[in-house]
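Per-chain residue numbering starts at 1, and chain names A, B and C are given in the order in which the chains are listed.
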Amino acid sequence: MTRLTILRVVSKWMVPFILLFALYVQAHGDLGPGGGFQAGVIFAAGIILYSLVFGLEAGRRVFPPRVAESLAALGILLYAGTGWAGLLVGGWYLDFPALNPHHPSHGQHWGIFAVELGVGLAVAGVMTSVFFAFAGRKGAS
Amino acid sequence: METVIAVLSWFCLVTGSAFAIIGGIGLLRLPDFYTRMHGGGITDTLGAGLIMVGLSLQAGLSLITVKLLLILVFSLVASPTAGYALAKSARTHGLEPWKREDDR
Amino acid sequence: MSRLPTLGDQWVVIPLLVLLVCTAITIIRMRSLMAAVLLTGIYSFLSASWMLLLDAPDVAFTEAAVGAGLSTVLMLATLALTSRDAKPPVRRPWGPLFVVVVTGAALVYGTLDMPHYGDPDAPAQRYPSPSYVERTAAETEIRNVVTVVLASYRGYDTLGETTVIFTAGIGVLLLLRGRARRMGTREREKS
């Protein structure tokens, strides 16, 4: 826990906005620059800021490394699973328009949404767990 | 009215850039770490803020202005905090401030 | 630069590229690793600005977030575990210097043949990119072509990329946590 009060107060205000911004970037991949990769990195940056200011133990309590690893694997499974969904409906692997035969554009939209969510979860999980692995070593400040 | 806004935004952009340049020169020319933090941090925050005000004046009343003002608020909060954290940690680790008697 | 470069663009582009080169040279010559890491962050930020000038906001966004943000933090965390200064070079690196110069010269010679920026006859513009733009407008209601190409038309590639990130994370965790777990078990046996 850092002793500087100003850092603690400012981070306490900024971390929710950072996480909210990560969600915003994730959801607005269709309308502007954004998407899964950026959202995952920004989410991880928010968690890392919290851990740096409030201490590694507090960061581990908020976002346990097990959860981070599970989220990473879940993201990959989500991505691959959406591909399987295309197979189950009768199309190809990762065939999004086949998900909704009446409205192929809706199928595209849902497929892209699910896939970007998978990418975001995977990236956020990987970045956070790598940071916790680095920071938890002996000799780290 | 249009020309007033255009002139105002032009003035803000130029002043903001001038402040940023002054901050950069200060980072190069000032003698030690604390003076550089002081010079660089203040002028950079003000310069970036003025540039954003100028840009939001040009964008008019739209979503872009809201986003720019949010960025302005965040940079006004985060940039001085970062400077303060740097200076405080330098002080804790024993970096002595420059005095006029020093040979620099 | 959303059209062919106009008269005033080089005033922004050329200084930016010069800054990029200067930062790279400074990183190479830096002895203090902490300064080199922070300069790498600056390099990433300049690259992000350069990509924004090339009309690629998605890539610029990712580069700024990863390079200037996360990568710097992770490298600083690594620095806290290793030494602060680079070790001095052991001997004169003439062999690697020769290889690097030859490779760089070959690359520069290759760029002489590249089409101009924004050339409508360039292979990248003729196929398959226009079909992607048209298909996005026709087949989906999504407005960001980059996201559609990334996630749908080139979905396999993105699956591969994400798996690479995941594998890299697993690799790091295996390297760093295997030892810690054994040390932790030893400590629990002691207490």
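What we mean here is this: a residue touches a chain if its C-beta (ideal position, glycine included) is under 8 Å from a C-beta of that chain, and two chains touch if they have at least 3 such contacts.
Computed from a predicted structure; not experimentally measured.
Taking the mean of all protein C-alpha atoms as the reference point, the chain centroid lying nearest to it belongs to C.
Each chain's centre was taken as the mean of its CA atoms, and the one lying most distant from subunit A is B. In terms of C-beta pairs in contact, A-C outnumbers the other of A-B and A-C.
Subunit B and subunit C, compared by their mean Cα positions, are separated by 28 Å. Computed from the mean C-alpha positions, the centre of subunit A lies at a distance of 32 Å from the centre of subunit B. Centre-to-centre separation between subunit A and subunit C, using Cα means, comes to 20 Å. The set of subunit A residues touching two or more other chains is empty. Listed in rising order, the residues of subunit A touching subunit C in the complex are 25, 29-38, 41-42, 44-45, 48, 52, 69, 72-73, 75-76, 79-80, 83, 94, 96-97, 104-105, 108-109, 111-112, 115-116, 118-119, 122-123, 125-127, 129-131, 133-141.
Listing the residues of subunit B that touch subunit A in their complex gives 74, 77-78, 81, 84-85, 88. If you check the complex, the residues on subunit C that touch subunit A are 57-58, 60-62, 65-66, 69-70, 73-74, 77-78, 80-81, 139-144, 146-148, 150-152, 155-156, 158-159, 162-163, 165-166, 168-169, 172-173, 176-177, 180, 183. The part of subunit A that touches subunit B in the complex is made up of residues 4, 6-7, 10, 13-14, 17.
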